[in-house]
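A quick write-up on the structure given underneath.
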Amino acid sequence: MDAFLHSLTTVFNALPYIAQGAFVTIVMVAGALSLGFLLGLPLAVAQVYAPRPVRMLVGLYVWFFRGVPVLLLLFLFYFGLFNVIGLDLGMIGSSCAVLGLASAAYQSQIFRGSIQSLPSGQFKAGRALGMTDMQCIRSVVLPQALRISIPAWSNEYSILLKDSAMCFALGTPEIMARTHFVASRTYEYLPLYIAAGCIYFLITLAGITLLRRLERRVRIPGCAAPDMTGDSAGGMQTGI
Amino acid sequence: MKRLLACLLGVALACSLSSAASAKTYVNGIDANYPPFSFVGEDGNPTGFDIEAMNWIAAKMGFEVKHQPMDWDGIIPALLAGKIDMVCSGMSISPERAAQVAFSDPYYTISKLIVVKDDSDMSAEQALNGKIRLGVQRGTNEHAYLEQMQQDRKLPFTLRPYDSPPMAIADLLNGRIDAAALDSAPVNNAIAMGRKIKSVGTFAPDDNFGVAIRKDDAELLKTVNEGYRQLKADPFWKELQDKYLSQK
Amino acid sequence: MNASSPLLQVRGVSKTLGGRAILHDVSITVDPGDLKVLIGPSGAGKSTFLQCINRLIAPDEGEILLNGMPIDGSSTAELCRLRQEVGMIFQDFNLFDHLTAEANVALALRKVRGLSSDNAGKRARKELERVGLASRAGLYPAQLSGGQKQRVAIARALAMEPKVLLLDEPTSALDPELVGEVLAVIRDLAAGGMPMIMATHQMDFARSLATEILFMEQGRIIEQGSPADLLATGANTRTRDFCSRLIASESGKAGA
């Protein structure tokens, strides 16, 4: 009982310190997701609509960032590339950038899948009205593709959140690093890791709940919920 | 979307500003999982024997020092890449490291201990020659030394590398390893903290701790060496040892 | 602009897709008041031909002249202009699924014509009223019946004030009981003098309204003439032959 109380006190005392790490984690993940989105969306559009050489370049980018472990990417960029080109974003900035570049590769594939799942007729209809390809992509394709992407995107969010723990390799003081520090001093490994797990869980839950809400808010009236089977969704789209 | 971008740029800017605050600030990369030399105190700030020593030297020699917790695996690359300026964090001077970075004069000598649970009757000799599970801190001198020794003498133990000495000690107490080969300082610290472990002998020659500095940074090397000379002549040196390194 | 040149002239269009020749040297001319009906078996190239006219598919050979002026297919601006002048209705409606009926009609008005949201909305409601769907303006495609969807698609095309309308089997995807409402709208358009090229299997409609029928097979126009000539009792034409088979299979289906 005494030992339990001691563990509890240790965890309780360490919470504010670890919570600051949660803030770092959230900033880092939000930054990386935004960068991944801003970069991933054009990549996806390019991979579907651009001429062959560009498509191959995008493919190369995706292949590289999906093929190399995040930890390695962090080292390669932080100690290698960023250093060579003299880019100093600091630890959190660099973590954001590397996670964001990697996430762009994953997000581009989410968006590409969504774009390609749309019936091509709507693009044609846009063109037939005199709209340019860019206008069709922006006003017709992307609004629908993004809606379809939300469930897969929330998956990417929770994976990225957990990948962010690796940014301690650069010294980024996020949740895991701070938990580890406290554990090294106090030896209360298990209780502290449980506490850290709970914090990750809460952040995941909050994000997923927000995305669910977004998904419901932007749902197209009359269409089945997106978690229905594929062929009923397809039937909706062609309208037959 | 624009707002998110602005946010992102803001974060990046804040980070770059904070890391380039003032010219005379040196960044000391530390392993914050290495009590009692360097760890994070209850207030969330880095502390320990090495931290306080370097703070004292900085004050004496007239520079600012910022202690930056890093992953031990990335600490030499970070030093070489200029992300940090020194490593004053219980780093053993080894030929391999000395090939890459310069070291200050040794400031502390540490012994290499075989540690077991305090109710165990295993000897150091038995630990090294038995078919046991032996914990060690990953990427350290003792890790390299044990691997070499095992290869040369065909020793039957299984090496279990850990991220930090406290983790190895925690697993020793859990019974997942039978013994651990660690630096004396974290072991003494753990014993002082009331962990039920004991040292049963050494497994390697003593190691010297030095401050790692980039080879082209001769100026800082000179400053640090001079700083330690003054510190060792000061009563604070004894105070520090009593505070962090005494064996209770 | 030459007053004597036809509204739309398509000359010698050929298209090969995947090594297979889809169209051989197909031509058509549309003058004000024309309703040209394309008929023929599926796979004859009707749909490809229609899409070559507004260059949704780029033809390998041939040219398209609008008011006597050839369209330069390599210029985006020219293409957009051509497509505003030549509206198109698809078999599968191709409504924008994420937009209401009104927004479907308004989108191109805003993006292409540069109308403000307010004006585009007003304009869209007027077009919807014209096809009898004023009360459905706020509904999404998934909330509309097939016939209503096609009427929205027609309103969407008309909003751009096209000089010619291309209709690619506009009733083929509809349940039989919904065909009538769409044909009624098209009939109104014809009565209003809107020039059209329409691919269809609705023979009664073609017979009563077409100014000319063009029979296509294997990528060529093999017969063309007035309905009276091609469909007259006793006329020995491929068109009449095809139509009687079509009618036979229709009644066969109905009987089953």
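For clarity, chains are labelled A, B and C in written order, and residue numbers in each chain start from 1.
Methods note: a contact is a pair of C-beta atoms (placed from the backbone, for glycine too) under 8 Å apart; a residue touches a chain by one contact, two chains touch by 3 or more.
Everything quoted here is computed from the prediction, not taken from an experiment.
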item: Chain contact graph, described as a line, ring, star, complete graph or other shape; value: line
item: Relative to chain B, chain with the most remote C-alpha centre; value: C
item: Closest chain to global C-alpha mean, per-chain Cα centroids; value: A
item: Distance between the centres, which are taken as Cα means, of chain C and chain B, whole angstrom; value: 78
item: Rounded Å distance, chain A centre to chain B centre (Cα mean); value: 35
item: Whole-Å gap separating chain A and chain C, where each centre is the average of the chain's CA atoms; value: 45
item: Junction residues of chain C - those touching two or more other chains; value: none
item: Shared-contact residues (touching 2 or more other chains) in chain A; value: none
item: Complex interface listing, chain B residues touching chain A; value: 1, 4-5, 7-8, 11-12, 14-16, 18-20, 29, 32-35, 39-42, 44, 68-71, 73-74, 77-78, 80-83, 163-164, 166-167, 169-170, 190, 193, 195
item: Complex interface listing, chain C residues touching chain A; value: 51, 54, 56, 76, 80-81, 83-84, 87-88, 90, 92-98, 107-108, 111-112, 139-143, 146, 149, 153, 156-157, 160, 173
item: Complex contacts: residues of chain A adjacent to chain C; value: 119, 121-122, 124-132, 135, 139-140, 143-144, 147, 220-223, 236-240
item: Chain B contact footprint on chain A (complex, rising order); value: 13, 16-17, 20, 27, 30-31, 34-35, 37-38, 75, 78-79, 83, 88-94, 96-97, 168-171, 173, 177-178, 180-185, 187, 189
